[in-house]
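Each remark here refers to the structure printed beneath this line.
When the chains are written out, they are named A, B, C and D in that same order, and each has its own residue count from 1.
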Amino acid sequence: MSKIDVAIIGASGYTGGELMRLLINHPKVNIKYVTSRKNEGVDVSALHPNLEDVDLQFSNPEPTQVDADVVFSALPHGASMKLVPQFLDNGSKVIDLSGDFRFSDPKVYEKWYNIEHIHPELEAVFGLPEINRELIKDADLIANPGCFPTGAILSSLPIVENELVDRIVIDSKTGVSGAGVNPSQTTHYPVCADNIKPYAIASHRHTPEIREQLHNFGSGDVKVSFTPHLVPVTRGILTTNHSFLKDDVSAEDVYNLYAEYYKDEPFTQVLKDNKLPLLASVRGSNNCQIGAISVDDVGQLVVIAAIDNLVKGASGQAIQNMNIMFGFDEKDGLRNAGLFP
Amino acid sequence: MSKIDVAIIGASGYTGGELMRLLINHPKVNIKYVTSRKNEGVDVSALHPNLEDVDLQFSNPEPTQVDADVVFSALPHGASMKLVPQFLDNGSKVIDLSGDFRFSDPKVYEKWYNIEHIHPELEAVFGLPEINRELIKDADLIANPGCFPTGAILSSLPIVENELVDRIVIDSKTGVSGAGVNPSQTTHYPVCADNIKPYAIASHRHTPEIREQLHNFGSGDVKVSFTPHLVPVTRGILTTNHSFLKDDVSAEDVYNLYAEYYKDEPFTQVLKDNKLPLLASVRGSNNCQIGAISVDDVGQLVVIAAIDNLVKGASGQAIQNMNIMFGFDEKDGLRNAGLFP
Amino acid sequence: MSKIDVAIIGASGYTGGELMRLLINHPKVNIKYVTSRKNEGVDVSALHPNLEDVDLQFSNPEPTQVDADVVFSALPHGASMKLVPQFLDNGSKVIDLSGDFRFSDPKVYEKWYNIEHIHPELEAVFGLPEINRELIKDADLIANPGCFPTGAILSSLPIVENELVDRIVIDSKTGVSGAGVNPSQTTHYPVCADNIKPYAIASHRHTPEIREQLHNFGSGDVKVSFTPHLVPVTRGILTTNHSFLKDDVSAEDVYNLYAEYYKDEPFTQVLKDNKLPLLASVRGSNNCQIGAISVDDVGQLVVIAAIDNLVKGASGQAIQNMNIMFGFDEKDGLRNAGLFP
Amino acid sequence: MSKIDVAIIGASGYTGGELMRLLINHPKVNIKYVTSRKNEGVDVSALHPNLEDVDLQFSNPEPTQVDADVVFSALPHGASMKLVPQFLDNGSKVIDLSGDFRFSDPKVYEKWYNIEHIHPELEAVFGLPEINRELIKDADLIANPGCFPTGAILSSLPIVENELVDRIVIDSKTGVSGAGVNPSQTTHYPVCADNIKPYAIASHRHTPEIREQLHNFGSGDVKVSFTPHLVPVTRGILTTNHSFLKDDVSAEDVYNLYAEYYKDEPFTQVLKDNKLPLLASVRGSNNCQIGAISVDDVGQLVVIAAIDNLVKGASGQAIQNMNIMFGFDEKDGLRNAGLFP
């Protein structure tokens, strides 16, 4: 059986490394390019020490010369939008892991990212399969969702679509790999360990991304607030979704709603019996666990979701999108269970 | 200058150890008893290895024989209420670190703790100096606040008293020492590390404690929800306080309100210039840091508070109460700065 | 192609969970039994939350009724030797992960494990493929090596076989999953985090296991000391192998010796260019990384080895042994790269 | 009682912060200067968030203008030696925390630090009170010991002085605060957590410092090797001291030797009853715990020592030296117990 050729553009960071970790065992993929401007000619294992026996070197091809069936762009926002049109012109399908094509209105992008959008004409499909599976099948350009939005949206969809709530408070806790590969005071071990850092309160760029997607459902006007925290964990985002029920609905009813909503999803698991979604359960896997659904005596609903920020929150979801685009089994390359303990 | 005699009842756990750690350097205190039924005659350093050169042994006196100016009861709830009346009869002042005397209505206690209250006649002062300093001065029995309520209440008081909000969502993140000294699956390192565990959602016992105190302020009917999470940190509680402004108020106005409210407090610090309260800043100290006050574009106010759960959240606050009760400088024994990094 | 039937006896612990995590994706294996006396009828995901979508329940068959091509015994030492003969009688091949059959002389076992050996007549092959690949092919009973011995032996073999040293000091650092699934004071997060615990100094049971294997090489009398430390890491053993060169040999010469020795090994990687073996590089994989080979100016040689204690140190190596025994590709089921970061 | 004036030069890093943390509560000290070239005028709490209520700002005085009874130089090596002579000329006593004055032979310094020594004429006392208390009393310039050497020397002294061994292998495990305040790939949380990094094998600068001190004792020719490891801990150095007994000596005899040797030391504690020295026991305190003394059946002696690298391994020991130099109680400012848990 022939394999498709894959390019990973900007492969020196954590999402690039994660794409390689998963794709080296994908049965239908040939990794043709892994690019890095700064590391041309270097073995990938020099930056990704877990890939010691993977025989790949970083290259630095001209964008016009990238000849691949699918291009994963793991470049930073701003940089990605400059190259994506060329890859599309080359005839590749493109899955962009940056924020550049996630908004239907480029003005929203420009406001929150503070960068001019130079390709507002390009239309992308927001690559959350739980929402857009059919559109993804035929898409040429996928905007792969942000890590926080993946957990926030999946934990909210059923109650928003069914108009059970009018305000949602997302309190997210992320592992430090979400800060990327470059060290800083924030990620310095003596500062980061045994500590919790709330950040970008009321101002995080993932806020409008969550809002745009949720406003496509239900009455379209649910109020969404988002507050991220950095916790001393390497991988994972735990989303605590607080909302306020408009009517008297039991936790069991809400559970049944979620279970039904996601019953055919290959990776989104609604946990029975009040089982807790845990970062430790999804570590390294493409699963999203949802559960611990509770209602208190003042009408607050809590829903918990757990993902691995680098997998379902980034590279794994990108591969899931690729599988859908090319008609592969959606689980190909993504069958590994989480690493517990 | 003469010193007061102190008894620590139930000194084998973390709050007992912490009382010793702080009191051994208190200028006006003589530690007369540190009790443990299971460890009679054992050096305290056998259980608290940081106290290697402290020459104290656990004893197991009859409650009637405990002759001390002040008794700290670090017993579990349920056990504490059995002994506290005797200590009062002996003429001691009592600071109880359990939940037994925190509620004005014993029925609330019985409902949430699922234990019959055998001394409903005893009245205690809720030992949060920021609320009750004057009452504490003359109290014989102090109900030392719970760890979560300390952060939750201090982060809420100014907005509740001023009726700026009608609903508060407390999303708390606690270090594992809050689970106490006894090991369990939950606190097993391979499970607990690199993980986050939400727990007791919509059912935690600290919920009614937070509510009772806050209902004494403002209109008395603010709706309070509380969700705790266990994070891989040894010490500290970070409280993320989400509320919803009834009117259009700026973050700066809210900041000024908090700064004014706590300006004379010796341990509650309102941080300027959007500085972040961090567990790493208060580790081992009796400080409560409040800050990062923000308002988003859908009217959500966020206030962050950080405490060390074993100090301001337990033993340090107990000593602060003792200092107030005996007319000592409120900072005596509590002057050490946090341990950073 | 038909698959072999596998039984995992004692599947509730970490090595049992790890066997399942890896075997569910093994192309030639059908998991027929996963047993647990205490958890009969329970979904495996109740204990192994990473296996949420694995449709397996614990069973509790009579040993005589276990009909499998290969039995992995993940029982504790002492318990395992009672059942292994029955599995062999049933016609199964057996891979025993306990210490029960690791010693050629049962008296050594009895001395260090303080248990009478009730089946001294059974002969097992020590299942370290790097030593015994040919014997493993035809074995009916494999004694899967201990976690510490795997790193200790692999880091020592070339210098012992070539008689370069006469004394070896193994200073090992293990992750906490090595302590197993049951919580204790030692593994209690507040004690274990931000701490290091040396233990069983001069008395650990893995000492004679390391010695027996190494005494089969070279002059047979190398002096081996072993000191383990528990470090706040979930997975992995870093072995620091200190030895003393009898003659003047350069680090480069020693490196070349190791590179040649292991050049055909599928999982033991000798790292070039002074790259450091790291736990983070092998996490979740069956790789053993060896490197950082150095000689100081007083004749001390240092060799570093890194493994995941639950994979190459236990369940992965057991699967590697199974692959050899059944003529499968030695990497089947073990192709996943380490999880970094 | 009058207080002495103290200057802390280079106070922006961890050792500077730690000096402040401890000295703000020292009864006989007035902190007159805390200097930082880059942070002139900034509140110390901007860099040391645990010092929120400490009213000190960084200044940047001309070295000639520093008028203090004692100067702590917390500058990097190389930078320190340029300023120390000026502070001495000003009439201050100087305690230098860098490596610049730790060697009697400047050529050793130049070889291992690869820097020309511009003040070889200055003689300093190596500030390890357990060795040099009498000399420290009259010294004008103290070379405060390195963090690793403190643990290595204290764990070795009795056996070297008594010539029980002729080779010592120091295998040290350090917390990440030892790497200082500046972030790097090595200290990046996702790399550093759940990992162990051996480094500078056979080449660490603390090797000659350990050797010079130990060669002053016994026969003067003990062979010392040193291998450091970075472990995911914020504070602390655990020293595993492996040596080889020349004669048949029991662990009990060695224990008695250590207990006697350090019996009058205020901070060096030899633990009875095989108690384990632990980082968690000394965290934040100036104590050095020594214990777990064991002898195996091939003549290897193991001694374990635990210190906090920032306290007994740096700033606390510097204050201990100051107390000795000025005739204060040696424990002044250093009475706080370790922070456990």
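Here is the rule we use: contacts are C-beta pairs under 8 Å (C-beta built on N, C-alpha and C of every residue); 3 or more make two chains touch, one makes a residue touch a chain.
For clarity, every value in this text was computed on a predicted model and none was experimentally measured.
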item: Intersection of contact partners for subunit A and subunit B; value: C, D
item: Of all other chains, the one whose Cα centre sits farthest from subunit B; value: C
item: Separation of subunit A from subunit D, taking each centre as the mean of its C-alpha atoms, in whole Å; value: 46
item: Separation of mean Cα positions, subunit D and subunit C [Å, integer]; value: 39
item: Centroid spacing, where centroids are CA-atom means, of subunit B and subunit D in whole angstrom; value: 36
item: Where subunit B touches two or more other chains, by residue; value: 14, 175, 177, 190, 193-194, 232, 234-235, 278, 280, 283, 341
item: For the subunit D and subunit C complex, residues of the former touching the latter; value: 167, 169, 171, 173, 175, 190-191, 194-199, 201-203, 207, 223-225, 227, 229, 231-236, 238, 240, 242, 244, 251, 276, 278-280, 283, 292, 294-300, 302, 304, 341
item: Partner subunit A, residues of subunit C touching it in the complex; value: 14, 17, 21, 24-25, 48-54, 177, 193-194, 234-235, 269, 271, 275, 278, 280-285, 287, 289, 335-341
item: Subunit B-touching residues of subunit C, taken from the complex the two chains share; value: 14, 175-177, 179, 181-185, 187-190, 192-194, 232, 234
